[in-house]
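After this come two complexes, each holding chain A, first together with chain B and then together with chain C.
Right, the complex of A and B next:
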């Protein structure tokens, strides 16, 4: 039943590990401009062809994987941590604290998410961390909402009363009794969010707001070569396919996680 | 010596009404007073929804009171702060009704049981294992339960673990909120014997909340009978069972199933519990009472002393 999830996880791990070890794999240099091999279609030397500056697209796609996948996962983790903290505090204390925090969530949600990510990327100096921050700033809200609801149901359970009766303080109850109950849920939510995150990351680089060139991110490669889509489609197809395949794999992983833990 | 004295305790829950309607309250606990004496078992009896659990939650400071006093050795418990509050938490422990919900499903039994020690900074970490082992042995479990999770146990075993947790801090009073009602009958007897044994060994006091009169008769020294948030009768166990005064107490005792009267026809108690609004000016038991007299529909009875006991019924009002 979870075979598809395992395969997806395998594909993403392969991409990521290949990318990290790309310097020792003797691939062609992803940055090297070769004027004698411009716009070459895929052949035995260049599996995915070359782009308009003669750079090998295969090594650029592999090299770019660590940025796209790494940024996606790190920003998902950051969103989960922020969302978990806000959700737990809001759900446990309720009342005025809940109102304030949930108004903040509503405030963030009232922006179109891509627009907010764009705004943050413009304001902050561009780079890997900015993209992570921008993605996390947009995505923590759904974690907060979900966790809050979950905590509100846990809060009324007898073992929380029991903890209070033996003398646990609020902080201890939050960390030792409530947070562990929310980890699975945020893991599942993370799995669901990853697919969307990698697409947003690609969109940001496509718009020139992500990691800056010459770093070969997938979104940027699609964007830079889109003029050649009719004459030399391989320049766009392969990075585009890389985006689609990872997004698909992330989505399948998310779905498998939610099935496994029976959360819908 | 009195461990806990409850005086005129009230808990009103506000009922949500419309914007311009008058605010109204649900009187869950209305003017309840009793004492829990040292090394004694005080039982609180009544049917579902009469406010028993609300009282236990107030005793543990899990919810606030509306009015009245709960005195622990002469000190109001809602005024306790800091170290005094910690000492109170240590002295009063609770065993909940539902052993399935009252253990954290993600914590191993060892962690659940050592948590009170951690919170109250008792002895050093090296000794925790020994103390916890001793505690589980005392409630009749093997020490290999410690590495397991709550879902691996049956209801009876879980309730034993809950009792062990309550005993960890060697409390002076244990509040047992219907500790048997979600257990099988055979397990009930085990837990009952366990409680009885602990009462004798540990010299602690027990506040037993129950709707099972057989259990109460077996364990308790004094009984308070509650009906719809109010006390209807208060007496020591022997007297109460020998000669129940209040018609409601008679009804409860009569309704308890016994082997000897298995074919007996029970007194009809099918009449539903009246809503509070309907009974402001009359005895709340009126629609269910077979002994009602004229005055019952006009004035609500007050709690009076009769024959050295407390009862709230017009039948015993001499004046």
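Right, the complex of A and C next:
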């Protein structure tokens, strides 16, 4: 299955790079409203057809890729950083600190995660950063749990005792000795989480809580065009397929990582 | 459970109070006079400090009252009790649709993969990964298009009897099926490593017999637990599914309340979610205890 992981990574990178360089690729303007080409079905000029405002769906899908993929990856990194810090502190100190932090984790987990993400994206002014924060706020918990477990197994090891014996303080032990041991695990967990994150991002923008229009995000395109599903299904099918393919690629990467490192 | 409820109400309350937008303004519109706004605010109790509002809410709660909706003026508890059965019905139907194919997919992907990876186990891998990757709102819309609008076999949206429940339940069941399949695979592969499987093989039992009497029976307990614990993730899915299909349940109710800033309704739904979650956990623990004697011995 490793080959499929590489192919998936390649597909996602291609999407992302195409999207970043879309302004110089001479695609059609994703924002330009053309009244003479409304609701056109896919043809040679418009690979994915046009929407109800005459905008080219192919260039909108390509243009939207950098938002969906970028937000997913950045929020995975933020979740990993928060989860790593909480997990390390919780696992290393144990006792009361551990209790407090872990009940915080349980507390976050006791909300349905999508509702929590929705609530956060309403509290903060809408935009790219808000989506990232909302996604990170519901996803850091699994990192914290995993890292905590790992730290609890390594904190009793000889090299930690040795570090303490030569006079390292807690902070130095945490940063220089324990954190590096947890980096691989966090990266693996990030890979596993990406598939779920992109679907949550799409759900938020479907509900109108993600990056705001006119920016073409995939979820918003599905939501805005769903009234035309019967007469012009391509408006909904292609953006949705883009989400599915990207999520599938992320999931395949995650599957490979979890098989290789045996994390379930 | 009570500290959990107090914690959740406090957090939800503070979160809500920090929401931009004021319910009084939403109610009377921007052009209302200052007096009107003031009057509405004092009716809602919005002019008092947050702490007093919170204590008032807790007092209300201790009488088993969740207040009234700002918009419809309806009693929140009544609305929730009316809508909750719809969500439970949707959830249980989805679980039933997901359970059997999910368990079978997971079971076949491992018992065959045990020998070597072949076409079937690969196919199952792709099916589960694929259906985990399809966004619920998209599959819901596509199903609606095919069965509701083109073929006109089923009603495209609305709340009602069995004909209305099929499409949203299938939508909800698709991701649930594959997560169940993956969990089943993990559980079964753990069981296959146990010594009694080797014994059974050594006795010369047939593969099919081992699969049914040794593996499946032992796998059922954790699988049932997981199905129960998954209730929360169904609530997640129901927010979007109910919104798309116009299903009159808690998910849509919450979503609408959040958009309208209808604080009493949001608080009520959050409370319901927390209570349901902790109750499900409790029941799962009890059932697990009954089914698996080893758990009791450890305590």
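To be clear about the criterion, the second predicted complex is superposed on the first by the 258 of 264 C-alpha atoms of A that agree within 3 Å, B and C clash if a C-alpha of one lies under 4 Å from a C-alpha of the other, contacts with A are read in each partner's own complex, and residues count from 1 in each chain.
To be clear about the criterion, a contact is a pair of C-beta atoms (placed from the backbone, for glycine too) under 8 Å apart; a residue touches a chain by one contact, two chains touch by 3 or more.
Here the structure is a predicted model, which is why all the values come from computation and not from measurement.
Enquirer: After the match on chain A, would you call chain B and chain C a fit or a clash?
Expert: Overlaying the two complexes on chain A (C-alpha atoms) leaves chain C and chain B fitting together cleanly.
Enquirer: Looking at A:123 after the superposition, I want to know if it touches chain B, chain C, both of them or none. Which is it: first, second, both, neither?
Expert: The answer is second: A:123 touches chain C but not chain B.
Enquirer: Tell me the contact category for A:175 with respect to chain B and chain C: first, second, both or neither.
Expert: It touches nothing on chain B or chain C.
Enquirer: Which one hits more chain A residues, chain B or chain C?
Expert: Counting contacted residues of chain A, the larger count belongs to C.
Enquirer: In the overlay of the two complexes, what angle sits at the CA centre of chain A between those of chain B and chain C, given in steps of 10 degrees?
Expert: The C-alpha centres give an angle of about 90 degrees at chain A.
Enquirer: Pick one for A:159: touches chain B only (first), chain C only (second), both, or neither.
Expert: Only chain B; A:159 stays clear of chain C.
Enquirer: Minimum CA distance, chain B versus chain C, superposed model, integer angstrom?
Expert: Result, nearest C-alpha distance in the overlay: 11 Å.
Enquirer: Following superposition on chain A, which residues of chain A contact chain B and also contact chain C?
Expert: Correct list for chain A: none, the interfaces share no residue.
Enquirer: Quick check: in the complex, which residue numbers of chain A touch chain B?
Expert: 157-159, 161-169, 172, 176-177, 180-181
Enquirer: Applying the document's contact rule, which stretches of chain C touch chain A when the two form their complex?
Expert: Residues 4, 7-8, 11, 15, 18-20, 125, 129-130, 132-138, 141-142, 144-145, 149-150, 186, 232-233, 235-236, 239-240, 243, 254-255, 258-259, 270, 273-274, 277-278 of chain C touch chain A in their complex.
Enquirer: Can you list the residues on chain B that touch chain A in the complex?
Expert: 57, 60, 62, 86, 89-90, 92-94, 96-98, 101-107, 115-116, 119-120, 162, 165, 168-169
Enquirer: Considering the complex alone, what residue numbers of chain A touch chain C?
Expert: Chain A residues touching chain C: 1, 107, 110-115, 118-119, 122-123, 125, 195, 199, 202-203, 206-207, 219, 222-223, 226, 229-230, 233, 236-237, 240, 243-245, 247-248, 250-252, 255, 264.
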